[in-house]
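Common to both upcoming complexes is chain A, partnered first by chain B, then by chain C.
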Partner chain A sequence: MREPERDVREREREAGRGAGRDGRGPGRDGRGARRVAGWLADAALVGYFVFALFPIAWMLVLSLKPADQLFSTYFSFTPTLGSYRTVLGGGEGIPFLRFFVNSLVVSVGAVALSLLVGLPAAYASARWRFKGSENLMFTLLSFRFAPELTVIIPLFVLYQRLGLFDTYVGMIWVLQLVTLPLVVWIMRSYFADLTPELEQAALLDGYSRTQAFFRVALPLVKPGVAAVSLLAFIFAWNNFVFPLILTSNEAQTVTVGALSFLGGDRPKYNLTAAAALVSVVPPLLLALTIQRYLVRGLSFGAVKS
Partner chain B sequence: MGPRPALRPYLLVLPALLLTCGILYPFGLGLFYTLFDFSASRPRPGLVGFGNYRTMLGEGAFWNSAWVTVLYAVGAAAAETVLGVSVALLLHRSSRIGRVLEKILILPLMIAPVIAAIMWKLMLQPSVGVVNHLLRPVGLGGVQWTDTPAGALLSSIAVDVWVYTPFVAILALAGLRSLPASPFEAAAVDGAGWWYTFRRLTLPMLWPYVLVAVIFRFMDSLKVFDIIYALTEGGPGDSTMVLQIRAYLEAIRFQRYSFGISYTIVLWAVVYLAAMVLVRHLGRVQRKAAEAR
Partner chain C sequence: MIRLRGITKAYGRTTALDGLELDVEDGEFFCLLGPSGAGKTTTLKTVAGLELPDAGTVELDGRDLAGVEPYDRGVAMCFESYALYPHRSVHDNLASPLRSPRHRLPAAEARARIMETAALLGIEALLDRPVGQLSNGQRQRVALGRVLVRPARAFLLDEPLSHLDAKLRQQMRAELKAIGAVRRTTTLYVTHDSVEALALGDRIGVIRDGRIVQTGTREEIWYRPHDTEVARAFGRPRINLLPGTLTENGAFRSAGGGIELPVRAEAPPGTEVLAGIRPRDLSLTAPGHELTGTVYVTEVLGRSVEVTVRLGGGAGPGARPPGGGAGPETGAGPETGAPRVSLVAPRADTRGLGPDDPVRLTLRPENLLLFEADRPRRPGRRIGTR
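Up next is the complex of A and B:
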């Protein structure tokens, strides 16, 4: 059985060992050449991270620029929070704060529904071999790779007839395409890692199956549930094509809303940057808290760490 | 075990099954629509059989989109694989800087791709964008990033690379950390060089992990939408008109529902076939790797 949680120090020690085993650790022959190679490697790494972080930093710069200094200078200006006030205060006729709340509601709703129906399915398919189980699992996984528009265009027609267009319910429903496969596949790998003997012992102690699930199995995979919930939330939050087509104003989310600041005859760079930053803050903060579960999460349980 | 042990798993998966059917229904409906000429201007559509597909396959626009989609997917997946594995190798050395940087490796990946494209759009603007400003000292201040056909495609791929390289790097790094130590110790004792060790040991053993990442990236880039929608909307001309963007324009903007869905059905078939081939290949690679241990 693999431990889902790992001590950070242990991981670092292991990483250190890895460096040594490559024969590139310190204390071997050719120390000078190795040191230079080490510097070059660090420089390459720093180069990549400059590329990776510069856009985020630059958005911060743009968002703090006053409108009249947007293009006159690049790096020297008087910083102001005016852009954030405009964006969050509903400036430009764009109710961005409401879009933010909408993103929150539909993402939480989608994750809750996915957990509700996904956890039992994941548990069942990890514990019992039954007819059709693999088919269901692979159908779910195939959603992950289906072009979204295949489902959305018919839904666009259907939702308008059913009155689900531009509603929370409609969005939460369609976001299952994103969140449900994630929850089922990842939680299945967590449940499969649990030895069934623990639950069997609980059954012998007179627990019912349901009690064994809630009191034994579920607490043991709690870190997995937390991680998968956050990851599913991030993916739902970051989704763009569903709200683009299936909402117009009432249920619109930040990913679509941020794009509206680019519209008009003159794009408002400072407002666009502020809106972009506001919409990436929740996923970024959550991502940093689930670092060590990401490998399993991102690979749908295919790679464990 | 409870009273009806045989029935229990079915009851547990029932809700998920129902939800799955709820998603399969619009898919089936879409497939059905493609047999008609359903559009906003024809609310009472007539049966056209495979007419939509025939029209589509006879149009140069379709083949252009298919070609652009393949270029995009291959270019993005290849660049992300090379860069992601390189970053993973550099982080695996675990220098002090590397340990700090590893903690923020994930950031671009957690930004919505559409927001990433918006960010890059502001930066790549030819006259006032910061990228050209920074390139001006080396005489490259006037690059028309998204306004030329080749530039637009390369810029969209670059945004894809910016967002998704951490995905490959994270999976590759996990792979590197789970490799057994003994072959590397033996190679070091034999005095094997870095390149030899990498090519003969690291890469073959790492490949199953990298392949998982490559498969995810290739399939996702085949159905790219967000990045191109925000960055170029398919232009200039049709130079970045990937299949999902074309489908969107046909179905939503021009409201030719049946015709638009036909595009996505073809894309779905391609993605599905690619998935089958790649997953089978992955299975072979993983078995071989398991035997080699």
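Up next is the complex of A and C:
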């Protein structure tokens, strides 16, 4: 993609050099203008960089402030890691580490279950049109239309009755509303992009349909699985409303847990900030780990000849 | 032996196969020839069990295949898109059938077969390469290799040579039938290239709009084409189709009245007909029935020259032939409407011949074919010969 651009630039440089050699160059002026444009672009990017990272920097500053300097509006304070120590050490009577583990269990569980159910569903819906298949797919997607708040009260009642309230199973189950449609819809388009002839070839090679799925179709959509897993994980991890209403202590997650520090007689913004920053770490690590799959995943269509 | 009876298949409102009947004998190399969209691939996939017909039966070696899954049919197919597994090496692509539960071979035997097949197709050096690094020609050979690597009841080959460059295609065409496995195995070969069909097919089936129009040996197809479209499909330059009518005494009279040839036809006098004359039955020198015209264009083909002649008594450009009635199939020029014919002549005969020069043609009537005049969407059927 960058090749032609580089070519042009090189050719222009060459032309500029030629002009420079005879001493008077319209090429020289052009080069200057380009340099100014480059600086402007850099400045704009730096501006955006500051804009984008400012909230995070603010949180970082907040998390490093001692409690008594929290509300000072000038930037002089004695930095301390005390907030992190308190948060991770289960201070203030809030078992933040447990919330953290809960979040991991619940998010990983939700993604795993979604993949287990969603991959075959996506494959089937991409390959076979059966009666009502489109309606089924639409229904699945429609879970994402309604705000979670509209269903949360009935869910709360159901969960209380079924004994799912404040359990891992309950959380993993309810997070399917978030992750499953994502997995099915994204993976469906990946499977649809694969020519069915690959699996047909496998059938004629003597493999069953299941084997054709596992040996041919699934390996070819791996980049898609990586991409959708990350997305689903982030959505599950960031979900707030479900754990807020459907958990109390045992299965509570970091999103709700981080806010516990705001309760009590005085809101402890420094602890909330520290908790929030700690809870950013897993999605960030995951994104960095599977980054190379992500890039391939997004350009997958180009692989076919 | 493959037997298709009354196969009908529709995709939504489009009919792909319309009561298709086909018999391929044991060990026969059968070429299915037709334009794109005629239903060739659908026919193959129906035999393979990848498409289920709406009606009709598929039999393989006398066994009805209804309800038999593709992996239990024991046929091997080469897809036009190659359908190679892009995440595997060439070796693993070839090994795929030999590792499957139904065709599994002991590792040593499998290795021997893979090497043998790779050698046969000249792809030994590529075995460790991922398929993605291969050229189209190499991919096509790997796809063919995946078919040949294991014994099968039937080979189904979907345009396996179409993406090769001209030289390689010619070479593979010559080699394909010499391959032992191909010689022994019933093969249904799909192509849109009539040269390929003539060169390879023990028998040829011409398919059009989801039906078999004609099956026969290459001689039968060549000398007794079912209709003008079959006649046009074989031979380059194409067969010349001269418009004319049947006379009272059972002869063909060309539209301009230039020639009259005795024919045997099953049609009443006065019927509008087309006389089919292969370019090689026209000559600039040999004795025979004479036609006159002017040279339209000449094209040197090497040792011989293709001459296209605008018929009509030495009429210059712009003149309309008396009687008119030129069918579109003669390649009548839009500027004149005069029927044109092509012939291939030795270079010596065409020395000094240029556009608009008057020429005399002679016609050898031995292989003359007589067709009904074409109608829209319905090519004229053959109704007679000399």
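Convention: the second predicted complex is superposed on the first by the 231 of 305 C-alpha atoms of A that agree within 3 Å, B and C clash if a C-alpha of one lies under 4 Å from a C-alpha of the other, contacts with A are read in each partner's own complex, and residues count from 1 in each chain.
The definition used in the following text is that contacts are C-beta pairs under 8 Å (C-beta built on N, C-alpha and C of every residue); 3 or more make two chains touch, one makes a residue touch a chain.
On a predicted model such as this, the values are computed, not experimentally measured, just so you know.
Enquirer: Answer with first, second, both or neither: which of chain B and chain C does A:203 touch in the superposed model?
Expert: The answer is both, since A:203 touches chain B and chain C.
Enquirer: In the three-chain superposition, say which chain, chain B or chain C, touches more residues of chain A.
Expert: More residues of chain A are touched by B.
Enquirer: I'd like to know which partner A:195 touches here: chain B for first, chain C for second, both or neither.
Expert: In the superposition, A:195 contacts chain C only.
Enquirer: Once chain A of both complexes is superposed, is A:86 in touch with chain B (first), chain C (second), both, or neither?
Expert: A:86 contacts neither chain B nor chain C.
Enquirer: Could you look at A:59 and tell me whether it touches chain B, chain C, both or neither (first, second, both, neither)?
Expert: first
Enquirer: Does the superposition put A:220 against chain B (first), chain C (second), both, or neither?
Expert: In the superposition, A:220 touches chain C alone.
Enquirer: A:184 contacts which: chain B (first), chain C (second), both, neither?
Expert: The first partner, chain B, only.
Enquirer: Under the contact rule defined above, give the chain A residues that sit at the interface with chain B and also at the interface with chain C.
Expert: Touching chain B in the first complex and chain C in the second, residues 203, 208, 303-305 of chain A appear in both lists.
Enquirer: Going by the contact rule set out above, which residues of chain A touch chain C in the complex?
Expert: 195, 197-198, 200-208, 211, 216, 219-220, 303-305
Enquirer: For the complex, give me every residue of chain B touching chain A.
Expert: 1-2, 6, 8-10, 12-13, 15-20, 22-24, 26-27, 29-30, 33, 38, 83, 86-87, 90-95, 97-99, 101, 103-116, 118-123, 128, 130, 133, 162, 165-167, 170-171, 174-179, 181, 184-185, 187-188, 192, 194, 197, 209, 212-213, 216, 219-220, 222-223, 225-226, 229-230, 243-244, 247-248, 251-252, 257, 260-261, 263-265, 267-268, 271-272, 275
Enquirer: How about chain C: which of its residues touch chain A in the complex?
Expert: Those in contact with chain A are residues 45, 48-50, 69-71, 73, 75-77, 79, 81, 83-87, 96-97, 100-103, 132, 136, 146.
Enquirer: Please give the residue numbers of chain A that touch chain B in the complex, ascending.
Expert: 11-12, 14-19, 21-24, 38, 41-42, 44-46, 48-49, 51-53, 55-56, 58-59, 62, 70-71, 74, 113, 116-118, 120-121, 123-125, 127-128, 130, 133, 136, 139-140, 142-143, 145-151, 153-158, 173, 176-177, 180, 184, 203, 208-209, 234, 237-241, 244-245, 255, 258-259, 262, 267, 269, 272-273, 276, 279-280, 283-284, 286-288, 291, 294-295, 298-299, 302-305
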